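Chains here go by letter, A, B, C and D, matching the order in which they are written, and residues are numbered from 1 within each.
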Amino acid sequence: MTNTFELEFEVRDYECDLQGIVNNARYLNYLEHTRHKFLLSKGIDFAKLHDEGIDLVVSRIEIDYKYSLTSGDKFIVRLNAHKEGFLRMIFEQEVVKLPEQKIAVKAKVIGVGLKNGRPIKIDSIPGFERF
Amino acid sequence: MTNTFELEFEVRDYECDLQGIVNNARYLNYLEHTRHKFLLSKGIDFAKLHDEGIDLVVSRIEIDYKYSLTSGDKFIVRLNAHKEGFLRMIFEQEVVKLPEQKIAVKAKVIGVGLKNGRPIKIDSIPGFERF
Amino acid sequence: MTNTFELEFEVRDYECDLQGIVNNARYLNYLEHTRHKFLLSKGIDFAKLHDEGIDLVVSRIEIDYKYSLTSGDKFIVRLNAHKEGFLRMIFEQEVVKLPEQKIAVKAKVIGVGLKNGRPIKIDSIPGFERF
Amino acid sequence: MTNTFELEFEVRDYECDLQGIVNNARYLNYLEHTRHKFLLSKGIDFAKLHDEGIDLVVSRIEIDYKYSLTSGDKFIVRLNAHKEGFLRMIFEQEVVKLPEQKIAVKAKVIGVGLKNGRPIKIDSIPGFERF
């Protein structure tokens, strides 16, 4: 089973700040949306899991900003996911500007599952046993 | 000259996502606002610098999410800043829930200065020579 | 019982868009936060009501943008609330720049209460009978 | 020349608030992005105009919220534009949920052009003479 995924985006003007570039926090939105679409492609629905009492949350992000996207830029977010130990999902993600495939952002995102506020084994979350 | 600073905030409901907690990207907003207010307290205006052709941008963030803030929570963001080499400002930041002083987020943010898209020495930016 | 309220804010740089002014959508965030703080001051908690199955939602907004706020501006949001008929709360709101008391935005926001997706009488929502 | 336009979107989880529905302010983001893409399709670039000293700003919005979009919903934003007098562009916009074509939001947005902070004739802005 392949754990890579990519999603295409376009910068929206309201995502740019007064410097005329995409604000640093917006990239976390792009990264999150890509993770959720990836999970959906595996039959895992972030919103439904929440309704069932299981919350997928981010425990750590390391993000390098290498090139600033700006108004109208098209880009893809690439994702590669794997488990680490019993409790963690690791998402290696890249924001890549199109068409020249220039890397704008590189990030490593660590996610964990919580039930009633306590960490649970990733494999116990429906859908994650397949990773 | 002291390079510590803190700013008080309160979670606004629109900052919470469908899990009922502050979305991971919002913390970068809190961290940024605190950095800009700190810089202002030193006479450095992020918006004015941009108008003068100098952009302060984030080159890397490491952020650990330890405790989720939610609707109505009050918190402070603490900051400690220092220079590293000629090109980098390091901001050590913490989001601390009030009144119990519980650490919600710990982050290390690296900032650089750009002029016409190229890195410039931090000390050449008016106001930064005092750090 | 007085149904007026005001709350002080300060523009955060990330709220400005590439024009260097506060983006039009952000004012709705300011207006909402003020409404929620007003309701809290009356003992009505938007987030708790949601947990109890009652959702306060906006059904209509009329908003006039008169003056653009920008980086660092301080302002207050004023609110005046009253019931209209059995189903609606009307919030007259103003965003007023400080210190010169210049009106930046004027808005009329209509809110309704929903239970299981259906409109309910405003007076049946705990706390609203006092308006 | 036809002045209608439509753009397809999908709700991203971070756009939902603690009620699990798209926050009222987010619809203004959708409406704005659609207007900017419409203008681009006519050769008018919002960001470039700003660089040239002309700012297109919103002077009034009337928006009716009829149905709440939620996680994963697909929708289109429809737009119909016309001039009103010398100074105003009127954008009639609808947010329509797919696939059932249910109207979620109806809005009327009035835009004006500013040069050095003063209103200018819409027809004097390059590209707008064709409307």
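Everything that follows uses one rule, which is that contacts are C-beta pairs under 8 Å (C-beta built on N, C-alpha and C of every residue); 3 or more make two chains touch, one makes a residue touch a chain.
Please read these numbers as outputs of a predicted model, since none were measured by experiment.
Summarising the inter-chain layout, the chain whose CA centre lies farthest from the centre of chain B is D. Interface comparison, C-D versus B-D: the higher number of contacting C-beta pairs is recorded for C-D. Rotation relating chain B to chain C, from a C-alpha superposition: 180°, rounded in steps of 5. Residue numbering at the chain A/chain D interface overlaps substantially, since over half of the positions present are found in both copies.
Chain A and chain D have centres, each the mean of its CA atoms, that are 28 Å apart.
Rounded to whole angstrom, the centroid-to-centroid distance between chain C and chain D, based on C-alpha atoms, equals 22 Å. The geometric centre of chain B is 32 Å away from that of chain D, both derived from CA atoms. Within chain B, residues 13-14, 16, 18, 20, 23, 25, 29, 32, 47, 71 each touch two or more of the remaining chains. If touching chains are joined by edges, the resulting network of the protein chains shown connects every chain directly with every other. By the touch criterion given at the top, residues 18-19, 21, 23-26, 28-29, 32, 47, 50, 55, 57-65, 68 of chain A touch chain B in their complex.
Partner chain C is touched in their complex by these residues of chain A: 13-14, 16-18, 20, 23, 25, 71.
Within the complex formed with chain D, the residues of chain A that make contact are 12-14, 16, 20, 29, 32-33, 36, 40, 45-47, 70-72.
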